[in-house]
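Remarks on the structure that follows.
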Amino acid sequence: MCLGIPGEIVEIPPGQTDLARVDVSGVRRVVNIGLLDGQPLRPGDWVLIHVGFALSKIDEAEARAALEFLEGIGQAYEDELAALRDSSIER
Amino acid sequence: MCLGIPGEIVEIPPGQTDLARVDVSGVRRVVNIGLLDGQPLRPGDWVLIHVGFALSKIDEAEARAALEFLEGIGQAYEDELAALRDSSIER
Amino acid sequence: MAHGAGGKATQTLIEAVFLDAFRNPLLEPLEDGAVFAAGGTRLAFTTDSYVVSPLFFPGGDIGDLAVNGTVNDLAVCGARPLYLSAGFVLEEGFPVEDLRRISASMARAAAAAEVSIVTGDTKVVQRGKADGCYVTTAGVGLLERDAPLGVAHARPGDAVLVSGPIGEHGVTIMLARGELDIEADVTSDTAPLNGLVTALLAAVGGKVRCLRDATRGGVATILNEIARASGVAVVVEEDAVPVRPAVRGACELLGIDPLYVACEGRMVVVVAGDGDGDGDGDGDGDAEGGVADAALAALRSHPLGEGAAIVGRVQDDPPGLVLLKTAFGGTRIVDVLVGDPLPRIC
Amino acid sequence: MAHGAGGKATQTLIEAVFLDAFRNPLLEPLEDGAVFAAGGTRLAFTTDSYVVSPLFFPGGDIGDLAVNGTVNDLAVCGARPLYLSAGFVLEEGFPVEDLRRISASMARAAAAAEVSIVTGDTKVVQRGKADGCYVTTAGVGLLERDAPLGVAHARPGDAVLVSGPIGEHGVTIMLARGELDIEADVTSDTAPLNGLVTALLAAVGGKVRCLRDATRGGVATILNEIARASGVAVVVEEDAVPVRPAVRGACELLGIDPLYVACEGRMVVVVAGDGDGDGDGDGDGDAEGGVADAALAALRSHPLGEGAAIVGRVQDDPPGLVLLKTAFGGTRIVDVLVGDPLPRIC
Amino acid sequence: MRFVDEYRDADKARALSARIASLCEPGRTYKFMEVCGGHTHTIYKHGLEDYLPETITLVHGPGCPVCVIPMGRVDDAIHIAEQPDVIMTSFGDMMRVPGGRGSFFDSTAQGADIRMVYSPLDALKIARREPDRRVVFMAIGFETTTPSTAMTVLRAAAEDVRNFSVFCNHVTIIPAIKAILDSPDLRLDGFIGPGHVSTIIGCRPYEFIARDYGRPLVVAGFEPLDILQSVYMLLLQLAEGRSEVENQYARVVPWAGNVKALRAITEVMELRPYFEWRGLGFISHSALRMREKYAAYDAERLFDIPGNRVADPKACQCGEVLKGVLKPWECKVFGTACTPETPIGTCMVSSEGACAAYYNFGRFSRQRVREATR
Amino acid sequence: MRFVDEYRDADKARALSARIASLCEPGRTYKFMEVCGGHTHTIYKHGLEDYLPETITLVHGPGCPVCVIPMGRVDDAIHIAEQPDVIMTSFGDMMRVPGGRGSFFDSTAQGADIRMVYSPLDALKIARREPDRRVVFMAIGFETTTPSTAMTVLRAAAEDVRNFSVFCNHVTIIPAIKAILDSPDLRLDGFIGPGHVSTIIGCRPYEFIARDYGRPLVVAGFEPLDILQSVYMLLLQLAEGRSEVENQYARVVPWAGNVKALRAITEVMELRPYFEWRGLGFISHSALRMREKYAAYDAERLFDIPGNRVADPKACQCGEVLKGVLKPWECKVFGTACTPETPIGTCMVSSEGACAAYYNFGRFSRQRVREATR
């Protein structure tokens, strides 16, 4: 429905309250961060960008947790595959 | 100073008082004849055209007279040349 | 940068900028095309861009113009035109119907000239740009004769011919724009000249010094190029230059000299003299006769050369100038045109 | 008529109108140029019109683009580019300084590609038309090899390569327009490919089936042309396709697929298999190895091919389609682009 | 972390795929609707269905802002674009969308000045740069996009830019989902919720779906693993007999949404009593218009728009596709009369449209592609 | 009769030439001024001087309307052309005339909308066709052209065309001739009178020349035989000790002129107290402006024109050429810095300008051309 791109804040121009320069794979654009009022933003933070506005700050802890869940599933899958292999050797 | 071209009136569009179609060597254009008010114009008459207006009606009698004068001079010249030739033959 | 109609301004610009940048032995801007050998075969190669407005006019359209123009530039190099390319720049919203008309007319022109359009490209640009349609054609032709042709090859004693009445294309375009409200029975002379060139070369082969199609800048510009490049004088008889009455009439109305008006199916031909110093071998110091007459007969035998005429001769002095012996019996210089011929009132 | 970026709309238009009108055995609109014999010499001939905006952009300008583009179209026909023509349509008031810059850059590009610009033409059009400067180049090249190259020559078992990272030219132009306010260290890839082609042909000579420079419509369009013309399937590994990070980033921001973005110095190469059904002769059913590896090594040995990669293989089924094995492990069709890639928000 | 590639890993996909397969009850088929066209795009672009058992069908929903614009509104926008001195601005997505009288592209070819922008702020910038022209922004989009328009109007008002206005076509997703839930001809087992809309509205507005309709909904991100994980989470809820709203996309979506953005929307816009959705017909309270207070920035008030309803082409089955009743290839004109080149319905225009996504990326039985690429 | 070719006959020219030679007093030199640039053009175009003995010099006068426009007026016209919504219309002749800031052509290259017209009526037609634009007609010319402008203004007023106006630069020939007669550095034996101006003003206005200055004047046509005959008539007057106004061009010029045309001029325009002529400086009562009554059609009133005087380039000797004191080739920059391509003075711009006519058609000693063409 709506193309949203994660970008890393590389600069918050001094004297600007609602603009930030973000980087997407080395590509930079100034975006409006006025919709994120009240959330402290620093270079290094990631935001989701849509039509020139940052819609939300990306929560790295949540992202990591999600990946860990996926890795867990992956690990469990590997274990099962291994178990399956072993069992077939024995059969 | 001012390019003036003789053109022959080929048509006076009905219902028009100040327009005439003129012909210059087979090329036709509608020109304004409003500056020739009071001079009766007919197809076959010649006018002098400048920037889309007819400035004067060409007087064929005068034109012929001028040419006759030139032919007269030409004839006189031929006669003189002939006389000169004759005289030199005699000399 | 002024509007380009083959005048001095454009010419100077091209010479200054492109010659400077591209300078190489083959680039010969005074000729219609380049001539070179590739893999042992001698070829001619040329290009022209067409930006004519209106796109459709009595006697033709931008399509056959673009085909004939490149065919002619090859033909006057002495080459047999073989293959053409076509690059189109189209304005967004350009009617497909018009495109169909243009390409049909290109196809007809190519068939008439016995060439094939073998490669092409199309770009569509924003509305408002490109004035509908621009066409750039390039062409490759085969050089089958040895003697070089070119504006630098005219010699005193040569005769100068034109292949037909001049100025019809340029006058047609001026009138077709409609702004002048002038009506005339005049149609563009756009036509492929390769058949005519073949007829001429068959008749007087090695005696032909120079062929040029008289496009932008008209016959006057070509004659000046010849005079300058060959370091000779070209003397033209005003009376001998064929001009149709309607062209003459339109030029009179507009204050324009037909010698500067573009043709798209006429060429200037310079043929060698025959040894008596004036080019005809009859010993009377008069360019008519001999080779010139043979060339004239060859041209007139072809439908596109019916109106051909011997219009002048080449002499050594004054080098670099074109002189006109006026019908009135006077003499004047025929200089290179400065920019477009503009309608004038004074 | 829609804006033309090599998409289906333009392609359909060209095919419908021009093929209809110009139909002849040499006109092969799916190839980059026409190939024919003239006086016993085999030649390639091509043309392209350039209407790029802006005229100057990081890494190049309309001048070297026009030279490289035509050089490349000849090179991918397997021809040695020799001579170029250049037709200019200039907007009245176009700065002579810019013209000088463009022609200097054309001259440099011609020198780098070892070709000469031998003939040209310039037209000046009314202010507001022509967007500054349009350039149409045509080129003639010498065909020195016998085996024909072309999009119809791919066979199951062939390997597919690209000569370097894709999409750099197109992204550079989109960003250079300035409207998107996006900054990126990306420069046009415009370059002459003839040297690279020579290196490739020297290495794997008769094994090359098809070469195409991936210009309008990008690599995806070329692959589709190959699949359709050869009646084969092309299967591409998404992971294997080289894309520089900045190009990827810009494409992500704009919602554009780099496979559809134009290059001006990259080509798609199809090389023959070596008999074991997948093109490398090592019997493992995998396109890497053998001829493909030799081709890759040849490309990588040339400065313009450093980033070359084997990106896919040709198979018989499903004929006419390009399939992408996604990095994610899925599969999808890569269809022909409809019109320009447009920045999108959804 | 780039928050992109990490979620495109094939190994993790294989593992998830195995879990998904093991969660499926033998003999049972599942139908999940991805509400959002962005999900549809991801599914086809990455070939995600290759990881799903044949018993799971993903049904494409109405969440493509371009696809739901009725033809009459396109005609209205073109009418505005044709007025003297107007510069119409639009996202690239709208350029090819057919109205009754053609598209924006057709209109530029007729001489209208219609420019693509990346952001509504770019449209405002054009207005500042060209004060003699009237710059209109063609605003489309769900709640993801609406705050950007609202913020731009507030900025224009603050700077007193008088030659800028908005042709407001913003729509809201909840009424559309409700319309689908109420539709008699469709049976769905759960919803993949629109991740980016949810950054603004949060997750609470979906609770009625779980509570009143007993259907699980997982708010999902847009990378392929996000979607695969969401399918897994839906199946898990079904297996465990739950029907809840869950948030797979917590790295981006706060449960409560974006209050500042919602406030900006409410300041500038208000609900329309009803609005026509292409294919779905009139849905009440499903779209926004400019408030009276911002009348000076409302193109609908500033221009005399015709407002004609244009009936969808007879052959068009977009409504069924948008409701998920038909798969794209089941439409009678799919791939024949209706292609991305010559779209009959809007689902064929945007690459988010189910038909275009399927045509461009799928269009070939899943089975055969799988075999072909081994 | 076409009234053209008949007057280009070489045989008659030879005869006249012989008469002319025989009328010249041995040892005496003659200087006749052709007032009108059209005559200059004819003289060079047909190579007419080949028929005159070396003892007769034709001196080119100020009768080229383009050549006498001062640079400041060109700048004013360009200023008007640059105003929003303006379409400037002009005869082709003006397009290349340099002002202080370039020419009309330069200005179109900068984006101004300047169109060539064949007739002022065509400018009015453009105004009718494009009612949203302000169409200005750059009116130049002597009495030949003035009536056409006046008639066009009357037509515009009758039809109430509100977006049409005239930038009036019409000049009158008599004050210029008088200025030349009063100039101390020039000795003339007679005048070839301007044929086409005389179609309007008739022959009477010249009588003071014959009466007060004792110089014969023959109103002449524009074909080469017309001019040759006029030279013959001048010599005849001198030989017979007469100084009269004679009308060689009676086929076109009525002795009384064109009353209707004069009335139209007087209705629309009035004499300016003074006007600057390029090279000649300010000449009183030498030009026309629009009357108050037609203020609505007067571009000079409607637009705020800068009205700056621009000094002629230092190297420029157009004034001397226009007064007939110098022959074109005697100007220091002729053919070097000043060519039709890069004109320094206006005499080099119009093909009626003495310098351009000489450059294009003559530029090469008469003697050498004669020898060259034998």
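First chain written, first letter: the chains are A, B, C, D, E and F, and each begins at residue 1.
The working rule: a residue touches a chain if its C-beta (ideal position, glycine included) is under 8 Å from a C-beta of that chain, and two chains touch if they have at least 3 such contacts.
These numbers were taken from a predicted model, which means no experiment stands behind them.
Separation of subunit A from subunit C in touch steps, taking the shortest path, is 2. Residues touching across the subunit C-subunit D interface largely coincide between the two copies, over half of the numbers being common to both.
When chain centres are set by their Cα atoms, the one at the greatest distance from subunit D is B.
When chain centres are set by their Cα atoms, the one at the greatest distance from subunit F is A. Inter-chain spacing, taken between the CA centroids of subunit C and subunit D, is 37 Å.
Note: centroid distance subunit B to subunit D, computed from Cα atoms, is 68 Å.
Distance from the subunit A centre to the subunit E centre is 22 Å, each centre being the mean of its Cα atoms.
Multi-chain contact residues, meaning those touching two or more other chains, occur in subunit D at positions 1-3, 92-93, 126, 128, 180-181, 252, 255, 344-346. Residues of subunit E found to touch two or more other chains are 4, 9, 14, 37-38, 64-65, 91, 109, 118, 122, 141, 145, 225, 352. Counting partner chains per residue, subunit B has residues 1-3, 25, 50-51 touching two or more of them. Of all possible chain pairs, the ones that touch are A-D, A-E, B-C, B-F, C-D, C-E, C-F, D-E, D-F.
Looking at the complex, you find that subunit F touches subunit B at residues 1-4, 6, 9, 11-12, 14-16, 18-19, 35-39, 63-65, 91, 118-122, 141-142, 144-145, 147-148, 151, 173, 194-197, 199-200, 222, 225, 229, 248, 250-254, 258, 260-261, 264, 352.
Listed in rising order, the residues of subunit D touching subunit A in the complex are 180-186, 245-246, 248-250, 252-253, 255, 344-346. Contacts from subunit A toward subunit E in the complex involve residues 1-4, 6, 25, 32, 34-38, 46, 48, 50-53, 55-56, 58-60, 62-67, 69-71, 73-74, 76-78, 80.
Against subunit D, in their complex, subunit A makes its touches with residues 1-3, 5, 7, 23-30, 49-51. Interface of subunit C with subunit D (complex): residues 1-4, 10, 13-14, 17-18, 20-22, 24, 26-27, 29, 33-34, 36, 38-43, 45-51, 82-83, 85-90, 92-94, 96, 99-100, 103-104, 106-107, 110, 116-126, 128-131, 134, 136, 138, 140, 142.
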